[in-house]
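Two complexes follow with chain A in common, the first pairing it with chain B and the second with chain C.
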Partner chain A sequence: MAEALLEIRDLKIEATSYPPGERPRDVVLVDGVSLTLQKGRVLGLIGESGAGKSTIGLSAMAYGRGGVRLTGGTIRLRGDEIRTASAAGLRAIRGQRVTYVAQSAAAAFNPAKKLMEQVIETTLLHGLASRTEAEARAVALFAKLGLPNPDTFGQRFPHQVSGGQLQRAMTAMALCPKPDLVIFDEPTTALDVTTQIDVLAAIKEAIRDTGVGALYITHDLAVVAQVSDDIMVLRHGKMVEYGSVDQIINAPREAYTQALISVRQMEHPEKPAEAPVVLSVGQVTARYRGTHFDVLKNVSVDLRAGQTLAVVGESGSGKSTLARAITGLLPPRSGTIRFAGRELSRDLAGRSKDDLRELQMIYQMADVAMNPRHTVGQIIGRPLEFYFGLKGAAKQTRIQQLLDEIEMGRGFADRYPAELSGGQKQRVCIARALAAKPRLIICDEVTSALDPLVADGILKLLLDLQKVEGVAYLFITHDLATVKAIADSIAVMYRGAVVRYGAKSDVLAPPYDDYTDLLLSSVPEMRLGWLEEVIASRRMESAGN
Partner chain B sequence: MRRIPLSALIGLVITAAYLLAALFAPLIAPYGMADVVGGVWEPSSSQFWLGTDGIGRDVLTRMIYGGQTTIAVALAATILSFTTGSILGFTAAVVGGWVDQLLSRFIDLVMAIPTLIFALVVLSVMPVTMLTLILVMGLLDSTRVFRLARAVAVDIAVMDYVEAARLRGERRGWIIFREILPNALSPLVAEMGMRFIFQVLFISTLSFLGLGVQPPLADWGGIVKENKDGIVYGIPAALYPAIAIATLAISVNLVADWILNRTTSLKGGRNG
Partner chain C sequence: MHPVVKLVAQRIALGMLLLLAASVLIFAGTQILPGDVAQAILGQQATPVALANLRAQMGLDQPAYIRYFEWLFGVLHGDLGHSLANGQDVAGEIMGRLGNTLFLASTAAVIAVPTAILLGLVSVRYQGRWPDKVISAVTLSTVSVPEFLLGYILMYLFAVEYPIAPSVAMVDDTMGLLAKLHAVLLPATVLVLVVLGHMMRMTRAAILNVMQSAYIETAELKGIRPFLVIFRHAFPNAISPVVNVVMINLAYLVVGVVVVEVVFVYPGMGQYLVDHVAKRDVPVVQACGLVFAAIYIGLNMLADVISILANPRLRHPK
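And now, the complex of A and B:
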């Protein structure tokens, strides 16, 4: 067998952690990981946040981010040891033999330079080609990656192209120096589902045509199943399972892998449309101040007491704006919002304390939804004090009750948000909303920032709480698996308007309108060959193109 | 108190020494504040550690009493400027709209006039008392605090937790003092050390020009003024206030840095 392109043996990676108030200590990020990658193959690295997947990916160019040290093992690139290579030796490897595609293309491109300049920069820097040659190479790559007008695409600035196109431009940048190995670090995570497909297909084709080896890092098993040949499952910096795509997806051996695969398969039986309507949005049109464009166009939806309405759409579809209109943060220009039998004032200032109390909100980023200088007890206690005038022991008892409800044990009340995990933070936000005894909670992408297993836990908690408290949810999300798991009725939004609305069983059953079809078919499925099927059978171009 | 870094320790010791000296001036000072006790510009001796000044007063005594006045005025002005500046700045950021515009443009207007000239004009038409001094210095400096406080608060006011408080129906006071202030404290504290020193320099400048603290009361700027002619004859009396201001400036900022580091830890600022 030919010499392996990349061979990592017993890799150990450490970093120094600085916990507040304690002495700095060394922590092991990656321990005893070994992998082999042949030329032209794609290895998927998968795991939750903190699993060490990006750290391992970057180690393939002997790089440690922000104080991360590669302390043990060997990293061989075509037989050359690179972990202990000199700075000059590394410079020759990075950007030439090994290149990198980052998650956020928008943050990775220099907004002041044209795309072409940036795409061919490393190629020129390493003296791999003349400027004309490099530009020709880039144009060919643009064409291969399905970018519009490949000849002139490079003359645009980063802000002039869409997110999906920018991600493909970065792929072109990585492939331009004709590297041996490309590291893809969550290249599609920040994209909408319908755009993700195009980028995935483009990346897959480009890898196949150029014959490079690739490390594909992601947290989404369904995505990695489409592009990889082999998969390594990681957890807490250790290898859990390593095998071919077929074996991992169809016959996972480890319990953790099985859990990752069965995630997002939660189903929730739809409730009958019998309960009284608690929220009724009628013909609401809204625009942001100083603009001349309606971001919500005649939106009408109803939500029944104790049920869940999922508002689905891609970024820019107006789903979060709908939440702002309902909460009164963005007063609508026309239309009515009726809540619990009364008409709500358009702006926040005109609403009674009871209006505010009965309509609570949970945010996507739990970190910034809680004041970092308040303890969990203060955060949950404030609504109790504010709405019900609870004080002293009565308040403490209620705080503990709420903490029990969100399945967090004793001793959390005195902690600060920074001392909690992502899932715990979101639970505290849920408790804060519940403390007001609301009729309706607006959940704005509450599981999007969480790891799949943690997100599942939050969804289960929300469903359980709905049974106990009888609270209704307006659930804003871009993720259809989440919708299936939690919704009773669904509103699909596209460019500020509701294009499809009804009970879950109706919305998710054919015949579909074109947009819903696109959206539904774009959700990655955990089986091999899905990507090709979808691309072949699409009726509508995605918005990102 | 956990381990205190050496730099902060030095800062703390020197600052504390100045503060204690200022606080207990009558007990420490070897002579009375305005007593003529020796000849004109006598050199350092065991009797007069720092020598005597232009009319025969003990310079060490004058320095100690001068520190008392200078630090007290500067401290009061700093506190005034931080309370007005940050409350107005936070209000502008939270309320926004025309209130913000009005306040911000008014502050721009005041800032467009050089501070020293502004102060000189005001002090020349008003009776120069401690109170007017503190008011003029504090209010003029609050424009700078306003700028900082507003900038910091604008960033915080868009955070989801502030929005959550607004959706809860919280009053403006709660949002300013309970949601924004604790998170804006770190940059403000760091700035406070800086502004305090500028106030020390400002009061010294005013006194040097004769519009600040009035004789026979001692203050550091006044000591320079009274002894500046001595420099020509190699009398160092006018240089002692400069040394005092420099050491105080450095040590106060060492302390401010340390407090900043302590409070930026996002655990509620109680850990080191």
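And now, the complex of A and C:
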């Protein structure tokens, strides 16, 4: 058998942790991981956050983020041991033999430099080609990856192109020095589904045509099933299961792998449209101050008491702006917002304390939505004091009740947000919203930053709380699996307008409008060959037109 | 119109407005100073008639706002008035003094700015290691010593013990460039030491801030040498804060050199101002104040303009 492109044996990776008020101690991030990658093959690394997948990916460049140290095992690149290589030896490997595609290309490109300069930088730096040759190579890659105007694309600055285009440009940057191995670290996670599918297809084609080996890191099993030959499932820095993509998807052996596959398949039976309407948005049009176009155009939706309206759309579709208009943070230019039978003032300043209390909000980034210097008890206790004037023992009792409701132990009242996990932080935010006894909670992408299994837990909690408290949710999300799991009715938004609205069973059943069809067909499915099928059927459609 | 042109024009217009406001403040400030100029000139023994005559002659019997506009009108036509103390033309006198001050300041700046930025880059490269610590300690100690003390120490060391430069920095128009540079060696060194620490620390902080960005990791993963990562990838994104602190220090070099000029008896603006404040020479004080304000506002305006031009989002809109 030919020499493996990448061979990792018994990899051990450690870092020093600095817990507040305690002595620094070493923690093991990755332990005993071994893998083999042959030339031209793609290995998917999959797991939740903290599983060590990015850390393992970067170890193929012998790079440790922050204070991360590669402390044991061997990492062989075409037989050369790189874990113990010198700094100069590593510089010759990085950017030349192994390259990296980051999750957020928007942050990973230097904003002060033109794209071309950055794409050909390593090729020139390592003396792999002349400037003219390197530029020609970059233009050819831009064309292969389907970027618009490949000849002039490189003359733009990163802020002048879209997120999907940047992600392709980053792939071009990784392929330009003709590396042996490319590490893709969640390259499509930050993209909209309709953009993701094109980038995914472009990456897959580029890998096939150039014959490089690739490590493909993602938390989304459905995505990795489309591009990989083999998959390694990781958890807490240890290997759970390692096999061909066919075996992992169709015949997973480990319980954890099975859980990952069955995740996001929650189904929620739709409630009948009987309850009274609690929120009625009528013909709302809004724009941001100092701009000249409407970000919301004649939006009308109703939400019934104790039910969930999911607002779905891509980034920039106006779904979060709708939440801002309803909460009064962005006064609409025209239209009405009726809530619990009364018309709300458009402006936040014109709303009563009860208006504010009955309409609460939960955000995507739970950790920035909490004061890091307040304990959980203080965070939950604040609305109790502010809205109900609760003090002393009464307040403490209510805090304990709320902690029970979000299924967290009573000991959590004295902890600080920094000591909580992502899912626990979001639970505290839910408790804070519930503390006000609201009729409506606006949930803005509340599960988007969470791992799938944790997100499922949050969705279940929200549904249980809805049963008990009778609270309505306006649930903003870009994720259709989440919609299926929680919604009673759905509004699909596109460029500031509602393009499809109705009960869940109606919205998710054909005949579809063009946009909803595109959106639904772009959601990756957990089976082999899905990507090829969708791309082929789209090509046929556009050929037919 | 290109948005950058609009932004730059806005900055310049704002600068002009600020300068106008500063002129009002300077004029008002000199008006509320206690004492009477006529009394000061004629002395305690002057008769009321003589005082009234002098006031009328100097226009002091007019209301303040009329005198302000007359002064402003003069300033706009290059007439800064005449010194009350010796009757000389203020504009002519200031030109020579300002030239000397600018010479000293720019000598210091030419050395201090590149040195500070280079030391900042080196500190970032060796962050937390000994070069960083040495640079921090040395620059911090030179900033902490009062400038007059620094001046006297240098004077003692390099003019008295090991005489390589004059202790009195006298320059005049007949001297050649080298002779002038030799004359200002000690005061320029003091100024360099005073501004170096601030600029170096702010450069270091601004670049370290940028070093947290994802694109720095991208550069490291490209196998680029650490110093090149800092210089090519981090520094261009830290230009705006660096330019701002450089300009504040340049303004200080012009406006704040009074003490150093007095210590080294250097014939610059600071000396001139101090001499005439003592004599309650209002036209000179007003003129010096206005020149200082113009330099301060001008340099900060320049910092804003460079920051705008250094921002690719503004230079190349979508």
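One rule holds for everything that comes next: the second predicted complex is superposed on the first by the 538 of 545 C-alpha atoms of A that agree within 3 Å, B and C clash if a C-alpha of one lies under 4 Å from a C-alpha of the other, contacts with A are read in each partner's own complex, and residues count from 1 in each chain.
Note that a contact is a pair of C-beta atoms (placed from the backbone, for glycine too) under 8 Å apart; a residue touches a chain by one contact, two chains touch by 3 or more.
Please read these numbers as outputs of a predicted model, since none were measured by experiment.
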First, second, both or neither for A:363, with chain B first and chain C second: first
First, second, both or neither for A:348, with chain B first and chain C second: first
Partner chain(s) touched by A:121 [first = chain B, second = chain C, both, neither]: second
First, second, both or neither for A:92, with chain B first and chain C second: second
Contacts of A:109 with chain B and chain C, given as first, second, both or neither: second
First, second, both or neither for A:130, with chain B first and chain C second: neither
Touched partner set for A:17, first chain B, second chain C, both or neither: neither
Chain B versus chain C as contact partner of A:397, first or second or both or neither: neither
Residues of chain A contacting chain B in one complex and chain C in the other: none
Chain B contact footprint on chain A (complex, rising order): 20-21, 327-329, 348, 351, 353, 356-357, 359-361, 363, 365, 368-375, 382-383, 386, 416-419, 432, 436
Residue numbers on chain C that touch chain A, as the complex places them: 213-215, 217-225, 233, 236-237, 310, 312-313, 316, 318
Residues of chain A touching chain C in the complex: 58, 61, 63, 65, 90-96, 99-100, 102, 104, 107-113, 121-122, 125-126, 156-157, 159-160
Complex contact set, residues of chain B against chain A: 2, 159-161, 163-164, 166-170, 178-179, 182-183, 265-269, 271-272
